[in-house]
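Here's a structure for you.
By letter and in written order, the chains are A, B, C, D and E; residue numbering begins at 1 in each of them.
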Amino acid sequence: EDLVKVRFGTNWLAQGEHGGYYQAVADGTYKKFGLDVEIVQGGPTANNATALVAGKNDFYMGGNLVEVFSAAKEGIPLVAVAATFQKDPQILMTHPGVGLDSWEDLKKAKTIFIGPDFQATGYAWMKAAFGFTDEVVKPYDFNPGPFIADKGSVQQGYVASEPLQVEKGGGFKPNVFLIADQGWNTYSTLIVTRQDIIDSKPDVVQKFVDASAIGWATYLYGDNKLGNAAIQKDNPDMTDENLAFAVKQMKAYGIVMSGDAEKSGIGAMTDEHMKSFFDKMVAVGLYKPDFDFKKAYTLKFVNKNVGSDLIKK
Amino acid sequence: MCRRPVLNPPARPTVVSLRDVGKTFSSGTTALQHLDLDIRQGEILSLLGPSGCGKSTALRIIAGLGEASSGNVAWAGGGMDHSRDVGFVFQEPTLMPWASVFDNVWLPSRLKGVSRKAARDAVMQALDSVGLTAFAQAYPRELSGGMRMRVSIARAMVTRPRLLLMDEPFAALDEITRQKLNDDLMRLQAELGWTVVFVTHSVFESVYISDRIVVMAARPGRAFAELIIDAERPRGAAFRTTPVYVDYCRQASAALTSAIGRAAETVDGH
Amino acid sequence: MSAISSADDAVTPSAPSRQGPPALLKWLLPFAFLVVVLGLWEYCVAAGLTPMKVVPAPSEIWAAFFREWETLGPAWLFTLEVTLKGFVLAVAGGVCLAILFSLSRLVEYTLYPYAIILQVTPVLALAPLLLVIFSQATVLLICVWLVAFFPVLANTLIGLRSTDHNLLNLFELYRASSWQKLWLLRLRGALPYFLGGVRIAGGLSLIGAVVSELATGAGGARGGLGYIIYLAPRYFAYPRAYAALVLLSLSGIAIFLALSYLSHLLLHKWHESALKREN
Amino acid sequence: MSAISSADDAVTPSAPSRQGPPALLKWLLPFAFLVVVLGLWEYCVAAGLTPMKVVPAPSEIWAAFFREWETLGPAWLFTLEVTLKGFVLAVAGGVCLAILFSLSRLVEYTLYPYAIILQVTPVLALAPLLLVIFSQATVLLICVWLVAFFPVLANTLIGLRSTDHNLLNLFELYRASSWQKLWLLRLRGALPYFLGGVRIAGGLSLIGAVVSELATGAGGARGGLGYIIYLAPRYFAYPRAYAALVLLSLSGIAIFLALSYLSHLLLHKWHESALKREN
Amino acid sequence: MCRRPVLNPPARPTVVSLRDVGKTFSSGTTALQHLDLDIRQGEILSLLGPSGCGKSTALRIIAGLGEASSGNVAWAGGGMDHSRDVGFVFQEPTLMPWASVFDNVWLPSRLKGVSRKAARDAVMQALDSVGLTAFAQAYPRELSGGMRMRVSIARAMVTRPRLLLMDEPFAALDEITRQKLNDDLMRLQAELGWTVVFVTHSVFESVYISDRIVVMAARPGRAFAELIIDAERPRGAAFRTTPVYVDYCRQASAALTSAIGRAAETVDGH
């Protein structure tokens, strides 16, 4: 009836990593909160961040904290209001049994397939922190074929997607290294919005954050049939097997539920965590130490344990 | 066709007059210098002169194509609107390669807004007069050199323009055809009161058809001599056998020879 | 003086054409070559000479056509529709701009730089901005237009500037209006150049449609060939990706052939490039 | 019969040029227009008429040039180098293919389809495969080549086929070798078409370099303008992205001007498209 | 230059012979049918005929440009290698627009591998003989129609070919120049023993320079009459005043007239 129209732009085609949002759309959670949410799919080269800045969308699914920090640095009033993923699901994979079986071995690889976005952020940190080099980088454009073909290579991926693809396409279980485990402790899959929306419609923001948390709790721990169907409608390439694998992995690696979220609920963020990551970026030279990174997020809408009751351990 | 006594040329009104006209191309070649020339109403004026002396250039300036670098071109009644009624046979056929013979001849009427259907009779008649009715649907590339030139002649005449500028129109034609077209031209000119400026290399042709011949000298191109052909009209094949005709031819030839000699001299003197 | 028309000639010896290969060979050789190419390809895959699984054999691609037609068919239509619409706009726009620029050097100098800017601006960069203002369908067409218009503009402009000066004199003599000069003279003379530009634009429209699909995110369930080519490998549907590439290639060749035929129709009577030599 | 050379003429009245606008206006108007465009843009941004922050004002872009020159400069050089190398290869390849195809219709019919396939294959799809075999630098050049070669090929082929039949007769009469016919006749006559194709390829090389950078991942510290244009907006550095776009545009215009000047040098003595009309 | 009695033509060996040659274009036009023609060593043979009768087509077939649709073209000594030594003045100037006058005239030598430097003297001499030395560096578009044709003439003569085919070479030239070039041609032909096939529309010119005139009839083009000009050589301006000359002209003219009439008849009878 009096639903508020909301446009939420994701950063990729519909997949398991977006499950909670699709769940909330499909099972009417957003509607219950008075929101009429339209999910605008991202894509290989589509840029939904710009759509948010330009006022076309109301929320954006941020990949990592570098995005919001950068926005603040450029004077763009974007604000992270929730962190759905406590850990970045980015991984590196190798072929098993070719001498690339530990994180330390990865530096020996002749070829590392990395996408441009991650190369500018996570990989920049890996260079500074571990001594990786740009020389070995080849572009990862979401096609695992070249990695499978080259036994000595390393490839980027999402923990909830690529390992299964490689297993099915290459016929082997790859070694998986969650980069977050090496200290890349950015939040991920953030809900980002503009300052003017926070100022003028804080209630809408709160409702979106809360409903999304409930959606995620349902998707991971409840009956996610509706959510999966919605995903498959937007992206017919997503098989049941893909989606089941995604849920399994997100749980196994504590992508959504770990750290602060265990305590304060889905979407949790803390100043300490933010500062810790910011300091790492300062060490890499991405930001100056005196930069006011706190402009880039607000804790106003999270840490309220919304939806925690739905989570069955 | 009525017998028409030759008018005393100065009595005819002037249509265009060129005064002290010069033309220098950007390549540095001076094609014309100090050229004075009057075109008079209803006359056939021939320009005779060595190759490269500026005849074509002069004709283009008269037609308003390419301005003179110096001097003055004045039209009777002022303005160039008069030239709306000009026909031009260029030295080269200048046909549109993508258009049929019919369409090429139709062009001048078409530009005046005459439809294909309305122009049809006039175009076919013009083609008939140059013997090309059977080739109306042919394309220029399918024609011989002389046939192309005949298309160009038909195109210039089809709108019956009051001023006709012709640059060696019959050079590529056999003598029988040429004779016929000379006669056709004189007949139409007399009937319709055309003014004709006619560039030719044939002394005989120029004497045969002209009221007046201007012999040009080259480098720089200028009027070198003038010859008034004071012979009765209409003229026919018989005219060619008269002593007057032979005498005029001799005069014109002599003027041409000395125009060429004089030019050579000028250059040798450099 | 008189003439015979062609129909008058009873005794026309049928001359063997000097020009060109016999018609049969003309089709046979390309076909034979294609068979050799495909055969070699099939062999290489079978012999394991290609990177594992990444390049499927022609037979696998062939099978994918039938198996995945439900996906491929609509995607193909989607891309074709965008291509053709964008192509028509690009040709129209290119010609209009060329005519505008041909009006005077001043206009050309003033505006040509902006045409070049449009040519070199990557649609990947522009699409997100355009999406802020326009609908996805519109942005798709704008992007295809951007990719394809320039060859039409550049070639047509050269053609318009190449008008035979003697014919221009003729038209000026007869006081042709600018419009008549343009329509009856300049554009006819520019045809060979224009048609060349159009043929280049044909392929560019296709590739433009594919790239723009990705740039505008016109994908998902209603996606075109671009999405399949880009995303199918992600799910190891290499045969499907290659089948889409084959469709793309066939479309490109078909568009080119159609435009070449058009070109032949318009030029074979008079322009050297399409004329049979007879002497 | 004799002639005067130009130097002989003492009394050459200096004729005012009928053609073209005065030289001053020729540069003034485009400049004035640019000022108006930039002024309007600046005003629109200041007045808040553009989507918030996404389109920076010219003054902000100007400032970004200086502030970010350390990033922009090397990126520009990187892209320019790839562009120029790829451009040279595309021109050479296009001409060679055109010559090959012009040898006979049979060769053309057999091989042209593959040229079209190369034109319509998206580099985004091809680059990953090529990277399995070739080095990044090589793939980069291959990709630029793929994007840019076709206009040169198509235009040159039309040009080679447009040779004046009368001149061909002349050359055959004098028993010119195929090579002589090609070099002294066909290629000269094809120049206007070829140069048109080259000008189109100039811009395509640039855009090809930008796209191929992304497709081949030639980014990171050694990246070019393509990376900046793609990534800067993702991290909201819009002025930097626009500064890169401006560099791209300026490069495109510079390449076009250089090629136009070359074209003028080669054609102004004889071809209608570059000739001043004098009558 | 030695006085040379006219040989009884059949005594001269045949260079090329056309037997029953026909040419039909794809447009359907039959340009030639049943054409029999022998070109004999060392003669000047003129082809005379109405516009469009197939003279240019015949000349091209002789040169090996464009095959005949039917019939036979046989070369003395077999094969066409002979024709390596052909010069051709086409009806149109056929100059390379991108090359200077010098380079255009250089072309035939260049194609035989002669360097610019080595060709220089011969080219400049050829240009001198057509009065264009001062225009060596000019481009074709900067020349008048007649000047362009003269470049083409210089190009055909520069390599001193044994067989010279000329398609209305002097039609665009003034009569004084034409006379000079006629004389030059006859002198060179006598000195070097050239064989010349010469298409012209001028009956006078054909009689003046030829050993033999073949008059062609049109539609379909064929040899209609042959006239042997059995007059002594060298011939000069004086020849034009002899009764023999006038008589030959009358004969040629009559043959041409009846060739044209006959053709018209044929078509009317269709």
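In the analysis below, a contact is a pair of C-beta atoms (placed from the backbone, for glycine too) under 8 Å apart; a residue touches a chain by one contact, two chains touch by 3 or more.
Being a predicted model, the structure only gives us computed values, none of them experimental.
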item	value
Neighbouring chains common to chain B and chain D, by label	C, E
Of all other chains, the one whose Cα centre sits farthest from chain E	A
C-E against A-D, pair bridged by the larger set of C-beta contacts	A-D
Distance between chain centroids, defined by C-alpha means - chain B, chain E (Å)	28
Computed distance of Cα centres, chain E from chain A, in Å	87
Computed distance of Cα centres, chain D from chain A, in Å	41
Whole-Å gap between the CA centroids of chain B and chain C	48
Where chain C touches two or more other chains at once, by residue number	1-5, 51, 54, 124, 128-129, 132, 164, 169, 214, 230, 233, 271, 275, 279
Where chain A touches two or more other chains at once, by residue number	45, 47, 50, 54-56, 141, 143, 145-146, 149
Of all residues in chain E, the ones touching two or more other chains	25, 27, 29, 50-52, 60, 65-66, 92, 177, 260
Pairs of chains found to touch, sorted by chain label	A-C, A-D, B-C, B-D, B-E, C-D, C-E, D-E
Chain E partner contacts - residues on chain C that touch it in the complex	1-9, 11-13, 15, 18, 276, 278-279
Chain C residues within the chain D interface of the complex	20-21, 25-27, 29-30, 33-34, 51, 54-55, 104-106, 109-113, 116-117, 119-122, 124-125, 128-129, 132-133, 150-151, 154-155, 158, 161-165, 168-169, 192-193, 196-197, 199-200, 203-204, 206-207, 210-211, 214, 226, 229-230, 233, 241, 245, 248-249, 251-253, 256, 271-275, 277, 279
Chain A partner contacts - residues on chain D that touch it in the complex	51-54, 124, 127-129, 131-132, 136, 214-217, 219-222, 227, 230-231, 233-238
Residues of chain B that touch chain C when the two form their complex	60, 63-66, 83-84, 86, 88, 90, 92, 94, 96-99, 107-108, 110-112, 130-135, 137, 139-141, 177, 180
Parts of chain C lying in touch with chain B, wherever the complex brings them together	1-5, 164, 166-167, 169-177, 180, 184-185, 188-189, 191, 269-271, 275
